[in-house]
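There are two complexes below, and they share chain A, which is joined by chain B in the first and by chain C in the second.
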Partner chain A sequence: MKRMNQTTMRRLISIGMLLILVALFAGLAGTGEGKFFNETNLIEIVRNASIPAIIGVGITYVIITAGIDLSTGSMLALVGMVMANIYVYTLLPIPVMILAGLLVGLACGLVNGFIVAKLNVPEFIGTLATMLIFRGLTYIIAVKNDIGAIESVRMNHSQYAFLGSDFWYYGLYYVIVAMVVIVAIGQIVLKYTRFGTNLYSVGASKKAATLSGIDVMKTRLIAYAITGVTVAIGAIFMTAKLQSTTANLGTDFEFDPIAAAVVGGVALSGGSGDVIGTLIGALFMATLDNGVKMLDMNASYQYIVKGAIIIAVVIFDALYKKRIDRRAKEEGAKEGLE
Partner chain B sequence: MKNFNWSKYSKPIILVAFVIILSVLKPAEFLSVSNFISILTSVAAIGIMVSGTIFVFLIGGIDLSIATLLSMSAVVAATIITKMGGSVIAVVIGLLAALAVGALAGLLHGYITTTFAIPAFLVTFATQSIFLGLAQVLSNNNKIACTWPAFAILGQAIVPIIFMVVFALVSWYVLRKTVFGRYVYAVGGNPTASEISGINVKLVSIMCYVISGFTTAMGGIILAAQSQQADSALGAGFTNDVITAAVIGGISLLGGEGTLPGAIFGAVLMGLLNNGLSLMNVDSTQSGLVKGLVIVVAVAFDAMHHADQSRKKAKKVKKGAAAPELS
Partner chain C sequence: MAGNTILEAKNIYKSFSGVPVLQDVHFEVKAGEVHALMGENGAGKSTLIKIITGVYAKDDGQIYWEGKPVEINTYQDCQKLGVACIYQELSVIPPLTVAQNVFLGREPRKGPFIDYAKMNKMTQELIDKYQFPLKPTTVVDNLGIGQRQLIEILKGLSQNSKLLIMDEPTASLSGQEAEMLFKIIQTLRSEGVSIIYISHRLEEVYMLSDRLTILRDGKNAAVLEKEDIIPAKVIETMIGKVVDESAGSKKMLHSNDEAEVRLDVKGLTDKTDRYRNISFQVRKGEILGLGGLIGAGRTEVVRAIYGVDKAASGEVYLDGKKLDPSPKNSIHEGIGFVPEDRRNQGFIPLLSTTKNVALTNYDIVKIQGTSISDADELAMSKRAIEAIDIRPADPNKEVGVMSGGNQQKVVLGKWLMRDLKLLIVDEPTAGIDVGAKDEIYSILENLAKDGVAVIVVTSDLQELLRVSHRILVMRKGDIVKEFKNVEVTQSMVLSAGQGVEEEAK
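And then the complex of A and B:
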């Protein structure tokens, strides 16, 4: 019961943060046509939040197991570049190209999982290394022009580029629909399946999880593999929207899904948080990006603000957790006396 | 062969093997005095930085903000020196300011990680973004040319190498000969035991981050002097280079293990690696692949070695054998 209250509290706090941010920008950057607070711009924010939220599903799983994945940005580029190679050099149909992209994402995720879960390399070092490896591979297989220079690859086949647009109703982008579906599935799997429960157990205590018969290695491996697949889905929508890809696609992108998870209340110490929280976090970060742009602020300030927000939220969570623990201890002592 | 002590001789063997491979593949370009000096000068900044970051690695921490912190410090130095007209006094003030910025950044890292028990990778992951933004704002996203002779001399000829030697010697002395150095190893080996035995773990950890920030700023100054300019992208890629150098040099990123000569060896090997890859016309964008593989393999071996040792220790304890040996 107490645990329930605590997570509800944290959820309310992140929703409150999002609303305050929206209200702040509505006040500073204005409402109405062409300003911050109007239908077009709010849909744009949701659209921009979609890819971090999709990848956030995998990242949430990984962080719940007390892990981290710093390689998602490079993975995006690698998936995009493999698809670009198929698009440029082969006559394979578009669905095959998309399937290949998904498989590359899965493979990357399995590599991360193998390094972290099987070889026991600390998560942030292992995925920092694969961040370099995936990026290096991307440059090696990059599509080059006649003089051997790497260039951006046009991928504007109509069977593919439509994924970047909207359909049926104005503003109903494919990426938003995909995000809603994936987040819903992600949340259901996390809350109502054995695998989801195992993720929490592994994150809370690997030792206890092992003793209670959970295959910790396999659970962690699958979490990283799922991240790989969600990154591949993100890469497909990103390249479809841009109708092109380059070797430096997704540089610094690894920051966004992690920031979304942190803001949404997924504790980096593992064992708590959920996919809906990460979605709220992704909306928060997208609102921040958009609002800063609307205020015509120097883009450099985004880096400063994003970093500061992560630190602030993490410190807040640490203090909050300390307080909860202390209160639980005091209550426990009281009960003991009675 | 079974008793061959790999861990003792692996470093010189790797170094010699590397030199042989490169001299066979590219004898004309590789085997020249000027190339060796250029390797050492290119290594100087990494060597200076690793002399300080080793303290953070030894307590089991990490710094993912090295690249942007060094850019920011270099931008601070270059801005001040340029604004003050490039005299010797300006250079001194600029350098002091940059070093202070580095030390302050380290203090921030140390304070947040220890006070709130937040993992170092997360704190430095966030500050990396902050420093990048600050460096861009300070430099207005421009390259700041800094060709004043009083500043450029710091990057000329063997001056960077001298700096590296001095920093390495001081660091070696502190780690090897002072109480603080022993505390650093103790905290990295077992923080709880250190706390119980009366070491101020928090203070030691914060000191380590301050030292790391200080040397990172120094590395930034040397890099800026070598290229006679500074901008927010000056340090791009150096986080990986410093971590790779440390890992190659046998420093365990799990804390408590590693020596300064090892770290410097790692930096030199890193320079050879970069030099060799560029002589073989491997693009710098692709060399990340090699570095990433090196990190994974080295840390995986490290983790295996750790698991092995703790298993052996557990066996010994079970048998009721004597206290674990001190190394």
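And then the complex of A and C:
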């Protein structure tokens, strides 16, 4: 009756999906210079996956508690715009600007956590509302020109813009290094601390968690706060890479980390998945984006392909879970007959 | 073995929305004893336990722990005292390992990190001590229900509790696992741990317990010492001897074997083994009572006949025609179903009597132009109100605000508007006052007179005897007894459901 661990199984499935996708595009879009499968392009894919993966750490925590955060795209813009204001209107040093960005992210996360965990507003509605609020705040504080039109702010100070480039070694972008570090820390916290265990417990059964003396409210609140911080980190690298920010930064972005988590095996029903899974999911989505572009497919189709893949994965997970549950039940029943 | 009193609950009162559930209940547990708690469904066992563990607040009374008065307002309060409760509904967390579950919220740590090595070792020590077939590092997802229950027990044991409460601990255990549990209980007792053991299974209580408290209708019926725990006596006390001699405690059953077979169920078997190989017939005009303990599989069987859940195998025939059970087909064929959970499954609280009655009958409500005829809908609900005296007799009244009895009449009323061949009712009078109960019984009896076959699932023994023409008793997923054309008593039905042979009367 030896059976492979469900989590390991799901991990192998996502890695398999990623490899198949890479192989598929290598076949369709070709290998070699300027094609899909060459070093430069593959590094580009990892680079593009980094920000969703960083924010994915927070999102993974939130989804493991059976929550969701739809406000990350707007939050990204708000953090960027606060930093832009400091950049344009003050003489504060760059590190202070970065610190302010992180604090804004933390504050946004705490607001989400407070609304969802403390006031018990359903997470979908609560963060949908803050998505609007954060975007609105961004427009209000947006840097405007003489006639009052919102303009794109250039943030090309060398002390800042270097964050968008690579390390001393070719291809080793700061954002990739940051992603590796953050994902590693995220995974360790999830698997080796009480807080991590509590996230799973809260997601699997709030009632059982409460009975075990876990502070459900606090656990959820912290998960949203951490998401805010990861969004701020994402915003810093994104604006550093663009060397600018706009009020529209991160529009539609909230979808990316959620999609990464779902593809990576973090079930929206809570209680399962991990940060590494989300990383694989982020790589999968970035590969998909890149490959579709390489195929010269119309950008409009990319949305449809992405959407369809999410639906397919969710259906797959639901069917898979149903099968596992039934098997557990049947075995339980068999044991009862002995 | 038994020493000083460790827990005492005195003069406990509790009522839910005016209905008294516990009245002046006393309950006392001594150190190092296994104290069983028994009573029929609804006697107040669970409520008493929930008060002791801080899940419910008592209305009146006092709880003493080791002689001192204590206030238990949350489950954590009772944990602090040294009480652990192993709930009937599992509270293990599937994505975590066995060890993580056992030490949830109390994980040993090294710096900021969980000390998995230590935690797994501690869990292994517990597992070795009580010889559970578990491994600390197995993820619970991969375990069966029986093993999950063992984790729950392990969790209770790991807290070095002085008092363990076990609510139907063997309900989902295999024979082997149950044997193991019994051994553990003996070990714990010898270590001076007290256990409150709640079970419907008399043989377990008989074997394990040092004392037995029996509740009946929310009051103390008896506290029996070990030597007095005799099955016949226990059953007598649970039902109430006085009641047993009064009307409604026995009945002469009569079946009319001339009538045509209406429903024929052949070999119905569940996917997850909650019932197996169920075969029986119901004749025209017959009221068949389905008795047994809660969890015996009765509700699951009738749900499969109506088609809400699908059976794995087996056939259902109505008037000789093979059915493909699904609610839609069943309604079409003339089968009505009154579910157990009235409020959630029986009717729509926010809708009026008219809308509720019409809901299952839109196939027979007249259409006017392109929309449903309001007049016909209203006429139908007026017919229902008149036929069974639904009160208030206002067709536009929201059903959610009506009394339980009238709500149930609305549920029945919608079926009466159809040409019924078979009506299935599950716990038809749960939470309904006595007067309305009688009205519901006469509705069922009148239906039977008109040739409708009726199946009544009920845990209320008095009700079972009152309405049934014939009685089938289920136990652990099997039909274990049929009472037909005999004089039957409440004790006989209860004994059959318990699996106790009726040797000592």
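To be clear about the criterion, the second predicted complex is superposed on the first by the 334 of 338 C-alpha atoms of A that agree within 3 Å, B and C clash if a C-alpha of one lies under 4 Å from a C-alpha of the other, contacts with A are read in each partner's own complex, and residues count from 1 in each chain.
Here, a contact is a pair of C-beta atoms (placed from the backbone, for glycine too) under 8 Å apart; a residue touches a chain by one contact, two chains touch by 3 or more.
Computed from a prediction, not measured in an experiment: that's the story for all the values here.
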Query raised in the report: First (chain B), second (chain C), both or neither: which does A:318 touch?
Result: first
Report task. Applying the touch criterion given at the start, work out whether A:194 contacts chain B, chain C, both or neither, answering first, second, both or neither. Result -> second
Query raised in the report: A:300 contacts which: chain B (first), chain C (second), both, neither?
Result: first
Query raised in the report: For A:119, is the partner it touches chain B (first), chain C (second), both, or none of the two (neither)?
Result: first
Query raised in the report: Can A:310 be said to touch chain B (first), chain C (second), both, or neither?
Result: first
Requested in this report: Identify the partner contact of A:205: answer first if only chain B is touched, second if only chain C is, both if each is, neither if none is.
Outcome: second
Report task. Would you please give the residues of chain A that touch chain B in one complex and also touch chain C in the other complex? Result -> none
Query raised in the report: Which part of chain C faces chain A closely enough to touch in the complex?
Result: 75-76, 79, 87, 91-96, 100, 104-107, 109, 112-114, 116, 139, 141-148, 172-177, 271-274
Requested in this report: Using the touch definition up top, name the residues of chain A that touch chain B in the complex.
Outcome: 68, 70, 115, 119-122, 124-126, 128-133, 135-137, 139-140, 247, 255, 258, 262, 268, 298, 300-308, 310-311, 314-315, 318-319
Query raised in the report: In their shared complex, at which residues does chain B touch chain A?
Result: 62, 64, 112, 116-119, 121-123, 125-134, 136-137, 141, 240, 243, 253-254, 283, 285-293, 295-296, 299-300, 303-304, 307
Requested in this report: Can you check the complex and tell me which residues of chain A touch chain C?
Outcome: 3, 5-7, 188, 192-194, 197-198, 200-201, 203-205, 207-214, 271-272, 324, 326, 328-338
